[in-house]
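There are two complexes below, and they share subunit A, which is joined by subunit B in the first and by subunit C in the second.
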Partner chain A sequence: MPSPSLFEKSSPFSGVYFMLMVNRMQMLYFFIIMPRHLVHPYMIMGIMAVGILSQVNLMLLSKWFSSNFSVQGYQGFVQLLGERTVRVFAFLGLFLILLRITVMTLGFVEIAHQYIFPSMTSNWLILSIFIVCFYLASQGMENTIRFVVIAFLSTIWMVIIYYSFFFPPIASMHDLYPLMPPEWSAISWKGLLLVWSSLSGVEFLVCLTPWLRPKQKMLKYLTIANTISVLEYLVLFISSLLFFSSNYLVKTKYPVLDMVRYLQFPAYERIDIVLISVHLFVLVFVNSIFILLFYGATRILLGKGVQQTTRMGFAASFIIILVSILIVNQWFWKSGEEQNIWLNLQIGVGAFTYLLVPAFLLVATKLKGRFKV
Partner chain B sequence: MTHIKRVVLLMIIMNIVLLSGCSSFFVENNTVEEIAPVIFWSIQEGESGKLKISTLVPPLINEKKSMLTLQVNLLKQGRKDFNLVYYRELKSGQLRMLFISEELAKKGILPLIDTLLTDPDISQRLYLVVIKGNFEDYIRNQVDKQENLDYFLYRMLKHYETKNQGDITVINLHQFLKRLYSPFSDPILPVFKVNKENFIYHGTAFFKDDKLVATISDMNDQILQLLNNDYYLKLLPIPSLAVSLGQIRSKVIIKLASDYSSISIKVNLVGRIEEYRGDKNIVDSDELEDLNQEIKSYLEKQTTALLRNMQQWKVDPLQVGTHSLTPFSQPIKDEEWLRKWGDMELQINYQLDLQTMTNVNK
Partner chain C sequence: MFWKKRKSGSDRKQNDPNKEVENTTLTLDTLKNIVVNMDDAEIIERQINPDHKVTLLYIRTLINQERLNDEIIEPLIHHSPAPIHECINVCKASKVNDLDEAQRQLMEGAILLSDRSEDQWLAIKLENPLSRSIESSETETILFGPKDSFSEQIEQNVTLIRRRLPLTTLKTEKFTVGSLTRTPIVLMYIEGLTNPELITIAKSKILTIDYDLFLDSSQVAAFMEDHVHSIFPQFQQTDRPDSCVYALGAGKLTILVGNTPFALIAPITFFDLFISPDDYIHRWLIGSFLRGVRFVSFFLSLTMIPLYVAINTHHYQMFPLQVLFVLLESRSKLPFTPFWEAFLMLIIIEIIIEASLRMPTKTGQTLGVIGGIVIGQASVEAGFASKVLIVTVGISTIASFLVPNYLMVKANRLLLFAFMLLSSILGIFGMALGFIIVLVHLNGLTSLKQPYFAPIAPLHMSDWNDLFIRVPLQWIKRRPVSLYPLQKWRSSRRR
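So, the complex of A and B:
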């Protein structure tokens, strides 16, 4: 059961933790379906372009991290925007968090269902994932943030096993041609939006600044995290192009995982099962952070932002999330990507918030500063 | 008060569990003694559009083997029906080979292959083989004489696949599909000839989309290995010139004319003469040069004939078309390429660098 001090701050975290968090949030579920949406070799440039844009966005965000308001956490937001507005944003945030958790979890469950447990009812999978999330989140925000180290170390090695796709006989250079799009209309804008959206998630970290050691050069850490993610996207996309070539890539549902199935190691052949299972660490970590944020946002919404956390409150918000995911899974989630409105909604909403939150906060701080003077 | 809260919480959690239903976690039962993980499936044409599929069971346990054959409409129906006739449950997780009869291959095999591809249990390294003749007869006849026949067939294919040994074509499911879907390349598969006694490598089959259009064998097949598949041959006997070449490594340089009207293929061969039974004295450098010229013109003639055939069949198994791709220009359409490939002028040029073994003497 959660300790009474769920949001306790005993020792501030260094920026490295945030770096790992940003990076892992960007490597969640979307990277698995990304190659299939990008398809053409010239979209390699697309990933790079979006990566650079994201870097610009993170520069704006790092301005917020260095402002005086961010250090004070909730109080800072209240000072900046007024309590009423903060409540409105908390209310909106509830839905954003819920949508994010739903899409990421259900997408992952669909994969696990297809590759590992085809005969299992997916609700069981969701339930077992969430029991772990509940345990982790109930350890409090500090311990959850510490868990990112485990999540990072257990998944970062995955990129390495894709090296063999870069060498012949699998790889041949002509699979990467042409490198330039024939015309503007040939660019998959939805694919680019997906890349942008999969880089999102960082904007929610503005709520975690109280746990951060103040006066750090955040930009450095954010840049490293963003670069690692973009490089990982590139490795995965290029290797899937080399392995499938673009015409075949369109026809594969989860290229990143199907490729791994092709590798045969002497002792164990189903590497894909290991990869999917290990990826659960990241999912559990991100979900736990968002469950805690959800609980925090509920408290702000109910005007209890400064009071003590309660077990009942935490359990209740956890159950709200779980029940809504089960309901979505039971009645509204349709597998098959093209028709899935949830996925499309998350791609759109994620991209939208990632674009607006840093700019909005920056503008708000600037305006506030001007009025003071 | 807290008591009531706890009860309410418990009730809610109970309800969540119930929402998931009462189905069991896993339906799979993989107790080794009770299953039969089959290694191959052989698929032939059955009566009235049906498929005739057969396999050998049990694959690994020390028990007398027997052949199971069924006529079915669907591949998976076969998998289900096998379980009904056999006391062990057949599992496809260890499926390593798929033997397809030539007649079936001529009609198109994409639906079959797609079924196998989408099954997460089945590895994409599944070997595909085209069979000329009656494979069932062979298995039935040989299964008593040779233990673990199915396993040895698998080891044979695996042996030649690793490191591109340069003797036979070995293609797996993924390679076949990649070539099938990519423009400028047509799939190939190995062909084996079977009768009651033997299982013989015959050559390579060319596919147009998913349909078999032609089969090449003997010297043509060897040239294919040199030009595209392995770029290596352990041995190349040329009976008409009474010479055997060994350890041949080839380097192929393909140049397309910019208007696709002609193609020049330069093949550099490095190897050695390992056997000579003709009447030239090849220790003498002039006569060796003569022999070199003979081999060169022989190979050039054969290669030209092979490529002419490919042009006629309108297939491009050498993936010549991929040479039209460059990083900064737009690719031409696949159909357009095939049309141009059909009437392309061929310039084939071999460059030989052959060592003689000194004890070959007259």
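So, the complex of A and C:
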């Protein structure tokens, strides 16, 4: 059950934890569907370009991490923006968090449903995942942040499996050309937006600054995280291109998983079942962080930011999230059309928040005239 | 806020049985009153000279009677004119002023001597050194390295450690727990090396122990653990002095408990339970390999049977066709689902393990071998279990015993049942959920308030040189960072 102080700050974390968190948040769900939306080989350059843009964004974010306001957490935001504005943002944050958890969870559950348990009611899968998320989140923010190391080590090895797709007999270098786009369309823009949105989620870490050890060289850690993510995207996209080529890539829904189904070992096949199951580590970790952020935002909204956390409050927040997801899954996620709406909404909202939050915080800090260089 | 307040110290004292005769003064009559109906209590009164009478009171079964004759009675007879303290100067005598102290000394093997001429009571320690000799460890056997192990005598155990660590900074603080057993506890640490916070936490935990019987160190550990409901041991139990010395040298605490050969080491991490003294005796590559084998075995023992259940219940498609044929043929005549088939076999294995542990050594070994083979063979022939499962159960069971810590082995066996249940419901997906639950639990566990899953979570990369592999000793230059020792470096030149 939840400890009396879910947001206790007894031992601050080094930048390494934030590095791992940034990387795993960027490798949550969109990378599974990304190759299908990018399709063309020249999108390799697109991924790199967006990766550089993301790096610029992270530089802005690192300025926030080194500011005096960020260290103070909630009080820092109040000093910077005023209590009323913070409450408004907390209110908006509730919907953003809820949307993100919903899309990521239902997207993952749909994959598990399709690849592992086609005949099982997906609500049971959602429930089982969320029970574990509740258990992790109930251990408090410190333990949840610490769990990122386990989540990272449990899943980082998966990208190594894709090395075999670089050397199949059918793979040809020609599949990777042209590297420069001969034409540019709205779909290409959408692909870039998806990559940008895939790299989002990091902006929510501004709420976790009180748990960060002061005077960390955050830019270094954020850069490493972003680089690893971009490299992983490139490995997955290039291997998908080599395996499917552009012509067939567009025809597969989850290319990253479909290609793994073709891997054969002497004693077992269908390694995709194992990979999907292991990826649960990341989903549980990220969901738990967002559940705690949701509870924190609710407390700020209700004006109880400085009071002791309660079991009831935490449980209520958890139930709201769970019921919302179950409702969306039951009535709004079934058909392909509606699903696309949710997905497009999250792509748009994720890209928007990732673009605006670091810039907004930096501008607000500058305007306040206390920016620490 | 969420927990009931503990009883205060004054409330607890009411349970102490030795407080029955509180508020009575120390006289021969009150002492006689106390030893009523104690067949082994002896009272000797002797007139040394006309105006000098001494009384000896002791428990016959607790003292060394030879020493009583040689060191007290004989000198008293032959040197009767001399003062009492001169007669018995070969013994360690201390003055006793109150009845509580007199009772305590009496029950710890002292002789109470009443010197009526000076109106004083003396306690002379003459406890019977009832102990077995120093033998080799039966629970943590190693091929090379020190063979001695602890015994039930706490003083002897302290000696075994002190001989290896001849330091004045090696501190031994004594406590007593158990209102009935009055079990002595010795807290050992190296001053100036061990993190003082750990010492404070350990002391406060020992001082709050309130129970009547303590017959083993595991019971003391149960009262000191941070998480009572966890299946993972939060204190390492060992009967090897070298393990204790290694722990002390790393900045940990050792707790010796009277009347048991098993000492406690804390704080520990999950990974400490996979370390054997062998690791530091072998060449580093071999030591690392053996440690790796232990980790792999632990993982295999936990996953093999659940994987069998998961694949046979939910994921037939994971097998290539040739393997699938073998499995289908093996399971074609079985009346049970994979879960019940595996569950029955595991229960049988547990019964055999428990039975062979409780029986005399040779009978136990025979029972283990014969029981395993006969029952396994018969189960296959009777159509209760598949051949594949028998092989899986056999490998899994043997693999589980590679972990050096027996408490961890038991935790592993219990986890196996939980994993099997999850895999039967949700297949490999369920197993992944099970692993996440276990790792979340380990992530939140603490041992003496220190993280249990260090150096992974929290991450201390510098401690990884003695984690999954053991690098050459020359490279292990720092003590574990996760313990925050006062002396970080093992090399004297870098202090």
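Keep in mind that, in the parts below, the second predicted complex is superposed on the first by the 359 of 373 C-alpha atoms of A that agree within 3 Å, B and C clash if a C-alpha of one lies under 4 Å from a C-alpha of the other, contacts with A are read in each partner's own complex, and residues count from 1 in each chain.
Heads up, the rule we're going with is that a contact is a pair of C-beta atoms (placed from the backbone, for glycine too) under 8 Å apart; a residue touches a chain by one contact, two chains touch by 3 or more.
Owing to the predicted nature of the structure, the values given are computational and were not obtained by experimental measurement.
Visitor: Is A:233 touching the first partner subunit B, the second partner subunit C, both, or neither of them?
Guide: neither
Visitor: Quick check on the superposed pair: does A:315 touch subunit B, subunit C, both, or neither? Answer first, second, both or neither.
Guide: first
Visitor: Is A:77 in contact with subunit B, with subunit C, with both, or with neither (first, second, both, neither)?
Guide: Once the two structures are laid over each other on A, A:77 reaches no partner at all.
Visitor: Using the superposition on chain A described above, determine whether A:136 touches subunit B (first), subunit C (second), both, or neither.
Guide: The answer is second: A:136 touches subunit C but not subunit B.
Visitor: What is the contact status of A:174 with respect to subunit B (first) and subunit C (second): first, second, both, or neither?
Guide: Only subunit B is touched by A:174; subunit C is not.
Visitor: Go through the superposed model and pick first if A:121 touches only subunit B, second if only subunit C, both, or neither.
Guide: In the superposed model, A:121 contacts subunit B only, not subunit C.
Visitor: Between subunit B (first) and subunit C (second), which, if any, makes contact with A:182: first, second, both or neither?
Guide: In the superposition, A:182 contacts subunit B only.
Visitor: Report for A:264: first if it touches subunit B alone, second if subunit C alone, otherwise both or neither.
Guide: both
Visitor: By the touch definition at the top of the document, which applies to A:29: first (subunit B), second (subunit C), both, or neither?
Guide: A:29: touches no partner chain.
Visitor: Across the two complexes, find the residues of subunit A that touch subunit B and also touch subunit C.
Guide: Residues 117, 264, 269 of subunit A touch both subunit B and subunit C.
Visitor: Under the touch definition given earlier, write down the residues of subunit C that touch subunit A in their complex.
Guide: Spelled out, the residues of subunit C in touch with subunit A are 1-2, 314-315, 317-320, 323, 426-433, 436-437, 439-440, 443-444, 451, 453, 456-459.
Visitor: Applying the document's contact rule, which stretches of subunit A touch subunit C when the two form their complex?
Guide: 4, 11, 13-14, 16-17, 112, 116-117, 125, 128-129, 132, 135-136, 139, 143, 146-147, 149-150, 153-154, 264, 266-270, 273-274, 276-278, 280-281, 284, 308, 311
Visitor: Going by the contact rule at the top, pick out the subunit B residues touching subunit A in the complex.
Guide: 5, 9, 12-13, 16-17, 19-21, 23, 25-28, 120, 123-125, 164, 174, 177-178, 181-183, 322-323, 325-331
Visitor: Show me the residue ranges of subunit A that touch subunit B in the complex, using the header's touch definition.
Guide: For subunit A paired with subunit B, touching residues are 114-115, 117-121, 123-124, 127, 169, 172, 174-180, 182, 243-245, 247-248, 251, 258, 261-262, 264, 269, 272, 312, 315, 319, 322-323, 326, 330.
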